[in-house]
Amino acid sequence: MRIVVFCCENSAYQAARQGQLPAEVDLIRLPCGGRVEVLHMLRAFERGADGVLVLTCQEDNCQSLHGSARARHRVEYAKEILQEIGIDPERLQWHPVTSNMGPRFRKIVADMIEGLKLASA
Amino acid sequence: MARWGAFICDGAGVDAASLAGEEVVVTTTLPSQPGDLACKLVGIGTRYNLDGGILIGVVPELVEDLLKDSLRQAGLDPFRLVLVDLRGRDAEGKDREIKAAFARARHLEPAAWAKSEVEQRALIIGGGAAGLQTALSLRQLGLPVLIVEGEQNLGGRLGRLDGLFPYDEDPKGWIQSALEALQDDPEVEILTASNPLALEGQVGDFTLTVQTPGGPVTRRGGAVVLALGSEVRWPAESGLEPGPRVVGLSRLDELTRFRLHHKKVAFLLDLDELGSRVGTLSALRGALRIKDNWGSEVHILCRHLKVDGKPLESMYRKARDMGVVFFKYEEFPKVTETGEKVFLQFQDPDLEYVVVDEAYDLLVVEEEILPAGEVLTEAWGISQPANVRLYPVETNRKGIYMVGCCRDEMDFPGAIQDGTVAAGEIYELLGQGALVYEEDMVKVQTEKCVFCLTCVRICPHGAAEIDLVQEAAFINPAACQACGMCAADCPAQAIVYKAYDNTGIMAQLELGGR
Amino acid sequence: MKASALVIGGGPAGLGAALELAGAGIKVYLVEKEAAVGGWGARYVCKATDKCRQCSACLIPEKIQEVYQQPLVEILTNTQVVGVEGEAGSFQVRLQREQTLDPALCNACGKCLEVCPKGAIDRLNPWAAAYRIDKEKCVAFAGEDCDLCARACPTGAINFQRPVVNLDASVELVVAATGHQPFDARRKYRLGYGRFPRVITGLELEEALNEIEGTDIFGDGRKPLDVAFIQCVGSRDVQEGAAYCSRVCCKYALRLAGLMRHREPETQVTFYYMDIQTGGKGFAEVYQECRDDFAFVRGIPARVEGGDRLKLHFDGVSGQSFATREHDLVVLSVGITPSPDNAELARLLTLNRDEHGFLKGREGIYVAGTAAGPRDISESLAHGMETAANAIINLEGREG
Amino acid sequence: MSVTATRLDPKFKYEVAAHPGGEEIKVCFACGVCTAGCPVSEIDPAYNPRKIIRMVLLGMREELLKSDLLWLCVNCYTCTAHCPQNVKFTNVIGALRDMAVKEGYVHPRFSGDVDEIDRFIQRLRRDMVLAAAQEKDAPTNLDPQGLLDQVTGK
């Protein structure tokens, strides 16, 4: 199984480093949630990812003001595309994770893995 | 082909032999002390004529900038340093983390640094306490300033106070000494009775157009400080009308200078649900003066008394000790007015069965304090939302700061703090006389740009501009704060963010699953 | 600017001051007596619900990273200031660094944790890259012969033979950002802290929520679903020598309550308070949003009785005068009190203290953050910046 | 109940403050800890120290001085120990009782009776504690009524 996690380096990327990461996780560091493109998320699925997470700052806590909001909108749009091509849109999720939310990061990843295992069983 | 070195920190638990690949010309282990590490890295980089390095360790981010700095000093390209953080990874995770780093490294292009001269002058709009403090601090740091003030005199709301001031300083005296420090200084220009018309340019080189009594003038500066102050507004929605028996808190200063024979005075605070710390401060100060000067019976009605600031709790206690009675109302009091008296009817929640029905000679009402100049900031695309990353004085745009009451309700020490902090930030930005930035960090491929203005519209930092000569968008490298939003949103894929370009991101995705 | 500065304390104010000073080209010795920088702020939880609640706790890891990346800041952990001599513009400072565990060598592999019989090795905060030895618990520091951890350490980071080093430095200015002490809730005996396990302080709730997702903070499956917050514990209290509002408690308590409710929507929250302080940018909105979700009782309880549930004796106004109510968790919103080190610091740095015991600066020695009075994280950061800016101004004045 | 302006006496709080024992009353900020810890309030919620102070500050002289509640305080000083502002409420009650007598709201004899009751209660308390103490090794169930009968000689 492979989970691709797009992380804002100001927040989720730091949270990811607090504690053990499951082997399934590939972290992709971005300068801001606003950098993530629909294309990146779709390409991740195309290259074999079972789940994709886009983890950014809280929306009103983004260094670039609208970066997190834009990331969320793009995830919503990409989910629609996934739906159309027959991939469960729940495989793609956006969550806000601030830099000091290590436990939350691990829970989101664990929930995703759990969900994927259930879906494939 | 690029020549890469792989550097493995002590304790990373990675076998150097496993990294052998064609582009790796040297692998070595490194000490963990940041200083030693930087030295060794630079030494090896120079000796093997490397193009870049992959640093594998635990928490290498902590030393990232330090290393880049050392590399730059050694004449190497700091932007071809890829860090691999192995914290929290098992053997398989480590392997994938390293592979992804190599994938990214192959696509990294060297960075070019540019340096541009800046205007060192700060353009301060607003000559109240916060604006004056910014100017004073900047002058002490040796930077020139321009102060633009709409009124005839400097001082703002502080200048209209007389005695009703709960701090050690005397407001008039403070303004006087500020003026003395500023007015004969050749590096200070003060434009009074003047209003800003337009602001153009970017950090390091702004142009401000000001309407002065003698006509419009333009001034250039490297930073802009908005010290626009606040406006006092009568709380009309409360249904109260100002009159001889009902006055606003802001009029209390002039009123209490006279000897009046009001036997009973009431203060009504928190009309807009929450009220302000500043309002409570003036009310307490006013109540104490009324007690002193008039000997009246004073009642203060509020929802929550604000005590979270230095003199507040002690003033509150002093007021109680002098016999001021406080009521914490839950339901807004019923106010009726006859020619001679103001009647307040309210329930005292501390005595639930008692409805107090009192006649007062004077009712002092807390007004709303609203930030001033919102029209201006909106027109110029400057904002300071309640975002902790901008606290205290930064705005969405680099080189533009907001200080004092135009960004939050604030007392005098708050305004002083804002002014000082802003001056410190400007000194850091402009003190060296030049800005250093990475050229083409975010680059517009002019041939692909279709002039759709998406980047101009979405750039949160106002860094995207239109270059009429090139007929394409242009990301101002000095103002850019490297979020990459424009690159993500450009419909023509014309914008490339070098360190995080699509090829690099895609290469990391190419690795595939197991 | 060629100058150097000593910043004592690596909490929010110290970090803010160090970054500001270094930004102006001043070499900074950032001295922290604990094993990692970050201070109290590094132990607080992110209180965001669906929205950011502007608690600023997330800024701490970022500022830590920034100081590590700032070449002009030399971070000295496990270090204490033992002597300061001289005057503004030329201080000679003497530092003492205890280095049994060298954080630069530690890679947090965890081997020492496994062998320590006393559980004396831990991480000071989740962002600390290295472990630390808790000297209170470690038997080797108590004089016993034990070096299990040192033998287990693969990198040689732990070495009990490593001597304490003395460092001398010449600096032009000193910033004391030595922080505060949370009020000791045991002093309010009747509120049951220290006697009943489910009476905790706000700080303990912060740390507990920081370590888990959800609200099962005791790990016993009994999620607290009926929570009482008692405000002004050790603040606005003449008897405790704290005749001031601590400024932070209303904010953190409301945010923590909001967070608990966000994590567990069935949570009932009751606030026992005198006045809610709503100052600070954006906080009024936070209060207005959560006001309808919580019960507010204007009255401070006098007594908490233990049992299966905790029984509070209080006097509420508006028709509930003298009453008792049961809750399954009581959180005491403890205030900010002057650090117990302040007396020693005042002697060492020749500083005065204000009427409450907070430090006051003098020429060349500046006091920042909660060492000077109650402040929250962002206010401390800003105060650190202001203090540093003032220091730079005075330095410029002296040079120019 | 509505209190009209004419019946409120703003001078009352100063008079109480000028009376020995009442000095600190004005600094009360109504946190309610006094009532929350009061053993009398626990039995009779109508007796409420916070409200009594409020009545003084508001100037409800007559309602307060003629009130029976004034005489319920058992002088245990719990409120004084708890008060964060150092209002010594037990002393305030003393001052108010004094004023009630002086201003003729109660007969001076009544004050003496209250003293008698207090002394009697102290004796009763002592006897009950001693009775319990004598049997402290054996499990006992206190019989207050029996003890009361014993003390009053019934």
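All chains are identified by letter, namely A, B, C and D, in their written order; residue positions are counted from 1 within each chain.
Definition applied: contacts are C-beta pairs under 8 Å (C-beta built on N, C-alpha and C of every residue); 3 or more make two chains touch, one makes a residue touch a chain.
The shown structure was predicted, so the numbers you read here are calculated from the model rather than taken from an experiment.
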More contacts between chains, B-C or C-D: B-C
Distance from the mean Cα position of chain D to that of chain A, given in whole angstrom: 65
Averaged-CA centre spacing for the pair chain D and chain C, given as whole angstrom: 43
Intercentroid distance (Cα basis), chain C paired with chain B, Å: 24
Whole-Å gap separating chain A and chain C, where each centre is the average of the chain's CA atoms: 32
Per-residue multi-chain contacts in chain B, two or more chains: 59, 87, 317, 328, 350, 386-389
Residues of chain D engaged with two or more neighbouring chains: 29-30, 50-51, 85
Multi-partner residues of chain A (each touching 2 or more other chains): 18-19, 60-61
Arrangement of touching chains [line / ring / star / complete / other]: other
Chains that touch, pairwise: A-B, A-C, B-C, B-D, C-D
Complex contacts: residues of chain C adjacent to chain A: 42, 44-46, 48, 51-52, 54, 57-58, 60-62, 65, 126-127, 210-213
Contact set on chain D toward chain B in their complex: 1-5, 8, 10, 13-14, 26-30, 50-51, 54-55, 57-58, 60, 85
Chain B residues within the chain A interface of the complex: 59, 85, 87-90, 92-93, 96-97, 100, 383, 385-389, 396, 458, 460-461, 481-485, 487-489, 497, 499-500, 502, 505-506, 508-514
List of chain C residues in touch with chain B within their complex: 20, 23-25, 52, 54-56, 58-59, 64-65, 68-71, 104-109, 129, 154-155, 236, 243-245, 247, 250, 275-282, 284-285, 287-288, 298, 317-319, 321, 373, 378, 381-383, 385-386, 388-390, 392-393, 396-397, 400
Residues on chain D engaged by chain C in the complex (per definition of touch): 29-38, 41-42, 45, 48, 50-51, 78, 82-86
